[in-house]
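Both of the next two complexes hold chain A, though its partner changes from chain B to chain C.
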Partner chain A sequence: MIRKFFSKYKMIIPFFIIVGFFEIVPIGNMLIQSFLNAELRFTFNNYVTVFTKPVYLVAIRNSLFLSFISSFLGLAIAFLTVLSIPLLSARLRGVFLAMLNMLSNFAGLPLAFAFMIIFGSSGVLILLAEEIGFESLANFQLYSIPGLVAVYVYFQIPLGILLLLPGLAGIKKEWQEAAYLLKANSFQFWIRVGIPMFLPSLLGTFSMLFANALAAYATAYLLVVTNIPLLPIQIANMYIGDLRQRPELGSALSITLLLIMLLVIWITNFLKKRFEYRRV
Partner chain B sequence: MAFLELRGLNKIYGKNHVLQDINISIPEGKLISFLGPSGCGKSTLLRCIAGLETVSDGKIYLDNKDLTDVPIQKRDVGMVFQNYSLFPNLTVFDNIAFGLKIRKEAKEVIARDVNEMLDLVGLTHKKDRFPAFLSGGEQQRVALARALIMKPKVLLLDEPLSALDAQLRKNLQNEIRRIQRQLRITTLFVTHDQSEAMAISDIIYLFNIGKIESSGSPIEIYMSPKTEFAARFIGNYNLLTSEIFSELTGCRLEAAYLAFRPEVVKLSEPEFGDDSYFFSAAVKEVNIHGNFIRYVLLAGKAEFSMDILSDLGDPLLIGETRQFAIRKDCVLTIHES
Partner chain C sequence: MKKILSHLWIAIVSILLLLPLILTFIYSFSQSWITILPKRFTLDFYSSVFGDPSFFPALFRGFLISLIPIVLMNAAVMLSLYYSILYDSRLGYLIQVLCLLPYSIQGVILATSIIGLYAGHQSFLSNRIFLLTMTYCIIILPYIYQSIRNSFYALNLKNIVEAGEILGAKKFQILLRVVLPSLKSGLFVSMLLSIALIFGDFAIIKIIAGNQYQTAQMYLHNTRNMPNQIASAIVSVMFLIVFVISSLILMLKNDDLKTDRKKD
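== the complex of A and B ==
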């Protein structure tokens, strides 16, 4: 019986071993640690600290704001870009997809450096804007929440496009043609048929982008260090603090981050099911 | 000028000349079939009329108006697609109401017109269903109602029955014909099924590789094919070269091909006279088709088929050699190849 089971599922066993060691065990460990104090006694204090101390509340608020706004803007831009892909010639589409793959992997420290070179206090475009008197750009603060929004939106767009592309393939050209023959224009088609049919894909992509932004660490760390409290940076500080490490509080913050992610995924999945139509 | 007139229409995709000099005049209120094998350009022609494809050259006139460069939305043309293309997120009612809502009709008008259409296609009891919960035939009727509610000047049907089973196809053929006659709407019906075209049409246009091969009423197309292609595609004509026909019957006729339908080949009877060709042939194959039996007969180099009603005596046996006859006026001469 056991031999039969192993023989049937042998190809997937390594996957479960990896998930076990690198997902289940650390999460279990974090969950336990989050309910322990420094003397390893059971306590709720870590969670009380997370939800009462202003620095953590601000970190949660900042992370939620940044994740939400960057996911929303990234999704909107990705959606409009995806709609225009069919207008490209086959050759241009190939070039676009190749660039997209490259851009979607351009994140973390290199991306932060690139933004610093272009939009930092002495960035190329900022100096140029000062020179030509383009005030609104010259006053742009990269090391602020709006600066972080710009960087986050930048790395959300290519991922958003990649995640939306399969959904676009599900919007049939014949639906569009049928709508045009019934006197609808392109906007009316998208409002009445296209977007409702695309909604599950948009919601799924939104939850992926939200999780992506919520957990983003390296880019944010290099740009704002601890000047702007963010949840991932606060978590890291609990493990690499100069004065003392507080893994129990870090675990409580990590579980909080995880719960926020799960809540967003649950809500989007609930909405996805609500808007999923059986195709003919 | 006819109600719908196509003049010198050409469509070229790269090196493919998909439609070649199409000239068609269609009277109002008729049901016209574009018949031909897959890839012959009939669906492309329909899409050009709808405005879903641009024409490379030529003109389209509908009701004395030049439609050639008019946007799709302003053509007054309705279309039913091969796969119906119903909107999956809308109920039957909302699918049918779609065009009226776009036209910003009053709610009472929409409700009245949609209910009339639902009644016409017999789907009133399913108006709140989503398309995924309808059978193929029901989806087809919703697509028809959705196109008809806009009261288009021309209704285009692009192989609307091809995804349905044989019995349903027959029922819906009748239903389409009934609705077309009731509304007196000019209808273009694309099909690759010759029996479907015969059953439903006032006029048939037979297409072959982007050209109109022949046209006429179903009976004209069936009884008097003008070309080899028309004879082969319509009515399962037997086609023999004049040499082979001469070997078979002993009579030489000047033509590229001699054509005769399987049902005009008869077992020879004493009363047949000078008005028939006589020959002996062996039975090579016997195929039962329900109400008739199709025999493949072999006589020298000539191989051809004969249809006989199933209730006319005992079937012939494979290998059996018998005397057969064809009435002379049933043999057509085909000069074009």
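== the complex of A and C ==
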């Protein structure tokens, strides 16, 4: 009986063993643990702590704010850039896209280091700005929320452009011509036709950027010491570092992060469907 | 007018995006930089990085750790997809969900969930390097799945298997002798993507292995208190490596597009 089972399913067993042990069981265990106390009894206390203790509330608020602002700014800049790309000559377009592809690899820890080297408190440009008396740059604080927003926006832009680009092909030149024939100007065309048609693509990109920012660990780890709590850092600290390890609380924080991510994906999908439906 | 504005906009975006990269690169060659132009260019920082006996092993470890996940997951996903397409299409849906899930779970959550479950055990399961390998297996799953599924669809797998069986071949033989060779370029792209992904990971390695397994990322992390030029030199080298890998990926993809167009 068992041998028969094995010989029938031998091709799929390795996959399900690996995925089972290292994806399903850990995530399931995390979900269960988030509802247990130290004595392994059922409790909601971990979630109560997450949503009442200031440090975690601030972490959630910071992470949401940072992800939202950086995704929004990144998306806006990416959108304007994507609109400009068709006006470039074919050769320039090729160069620009190759550059974006190259820059989309500049992320994580190396990127955070580069920003620290250039815009940190003794960074190259900061010292330079002090030297020549360029006050507003000299006063730039990398280790603050606005500083983090700058770094996050930086890595969202190339990603946003590369994700938006395929959607632009859906905006037909004929529509633009038709709109101009009907005496619409370029601004009216984009407000009334272009952006609504482009919206599903914009929303999809927004949710990708949001998830990307929300879970970004390396940048936050290097640039934020302890003064600005962020969700991914708080989660990791429950498992590593000098503080007493509290896996139950870490689990509740992780599940919170996961739920925020799923909620944003769900909302954007919902809006996307509505707009796609209207189109028909 | 519109054309000028859009050129100007693209130029501004390009400059702002390139600035951190270029400045880091220049800084890695400069003795000091506190006036408008850097003072005296030097290769000292590169020679001290390359001269450090632990630098190249760290670079190498970043690649080494991706080896087992790539081989293991390509084999596991290929076999299970092959099975699901031939015998059980409902299973295919389950496989898809499981393979795409890591996209939304993300590194920090997956790594902490695995550490939370296995770290306390007194068996081989709690070996950090083993756990790291298995976490990477899951993280690269979406990329491997998509590349194999696309190749299987492009091949029209069912017809090929039927044709092979009429000629008297066994299913496993068909997989090895017919299907596998035609997957080559797709597998190569997903392999490079996985290498780039694992080479660029910091969150998972920091959470699971810490300094127990020093990759290039951890090496860079450990230079926090050294002169900034050292870090700039390492950042430049690492960027160059990832750049080469991603250029290869782009080249291969474009080649594929070209041959596809020729076929049409």
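Note that the second predicted complex is superposed on the first by the 250 of 280 C-alpha atoms of A that agree within 3 Å, B and C clash if a C-alpha of one lies under 4 Å from a C-alpha of the other, contacts with A are read in each partner's own complex, and residues count from 1 in each chain.
Just so it is clear, a residue touches a chain if its C-beta (ideal position, glycine included) is under 8 Å from a C-beta of that chain, and two chains touch if they have at least 3 such contacts.
As the structure is a computational prediction, the values presented were derived from the model and not from experiment.
J.: Identify the partner contact of A:Q156: answer first if only chain B is touched, second if only chain C is, both if each is, neither if none is.
T.: A:Q156 contacts neither chain B nor chain C.
J.: Chain B or chain C: which reaches more residues on chain A?
T.: The larger set of chain A residues in touch belongs to C.
J.: Now for A:S34: first (chain B), second (chain C), both, or neither, which partner does it touch?
T.: neither
J.: Tell me which partner A:N62 touches in the superposition: chain B (first), chain C (second), both or neither.
T.: Touch partners of A:N62: none, neither chain B nor chain C.
J.: Based on the superposed arrangement, let me know which partner A:K183 touches: chain B (first), chain C (second), both, or neither?
T.: Touch partner of A:K183: chain B, not chain C.
J.: In the superposed arrangement, does A:S251 touch chain B (first), chain C (second), both or neither?
T.: In the superposed model, A:S251 contacts chain C only, not chain B.
J.: Quick check for you: in the superposed arrangement, does A:V193 touch first (chain B), second (chain C), both or neither?
T.: The first partner, chain B, only.
J.: According to the stated criteria, A:F113 is in contact with first (chain B), second (chain C), both, or neither; which is it?
T.: Touch partner of A:F113: chain C, not chain B.
J.: Residue overlap on chain A between the chain B contact set and the chain C contact set?
T.: In the superposed arrangement, which is not itself an observed complex, chain A uses no residue for both chain B and chain C.
J.: Residues of chain A touching chain B in their complex?
T.: So the residues of chain A touching chain B come out as 172, 174-175, 177-185, 188, 192-193, 196-197, 277-280.
J.: Spell out the residues on chain B that touch chain A in their complex, using ranges where they run on.
T.: Against chain A, chain B makes touches at 50, 52, 72-73, 77-79, 81, 83-90, 98-99, 101-103, 130-133, 139, 146-147, 150.
J.: Which residues of chain A touch chain C in the complex?
T.: Within the complex, chain A contacts chain C at residues 9, 11-12, 14-16, 18-19, 21-27, 29-30, 33, 77, 80-81, 83-85, 87-88, 92, 96, 98-111, 113-118, 122, 124-125, 127-128, 131-132, 154, 157-158, 186, 211, 215, 217-218, 221-222, 232, 235-236, 238-240, 247, 250-251, 254, 257-258, 261-262, 265.
J.: Given the complex with chain A, which residues does chain C contribute to the contact?
T.: 2-3, 5-7, 9-10, 13-14, 16-21, 23-24, 27, 33-36, 72-73, 75-77, 79-80, 82-84, 91, 95, 98, 101-102, 104-119, 134-135, 137-138, 141, 196, 200-203, 206-207, 210, 217, 220-221, 224, 228, 231-232, 234-235, 238-239, 242-243, 246-247, 250
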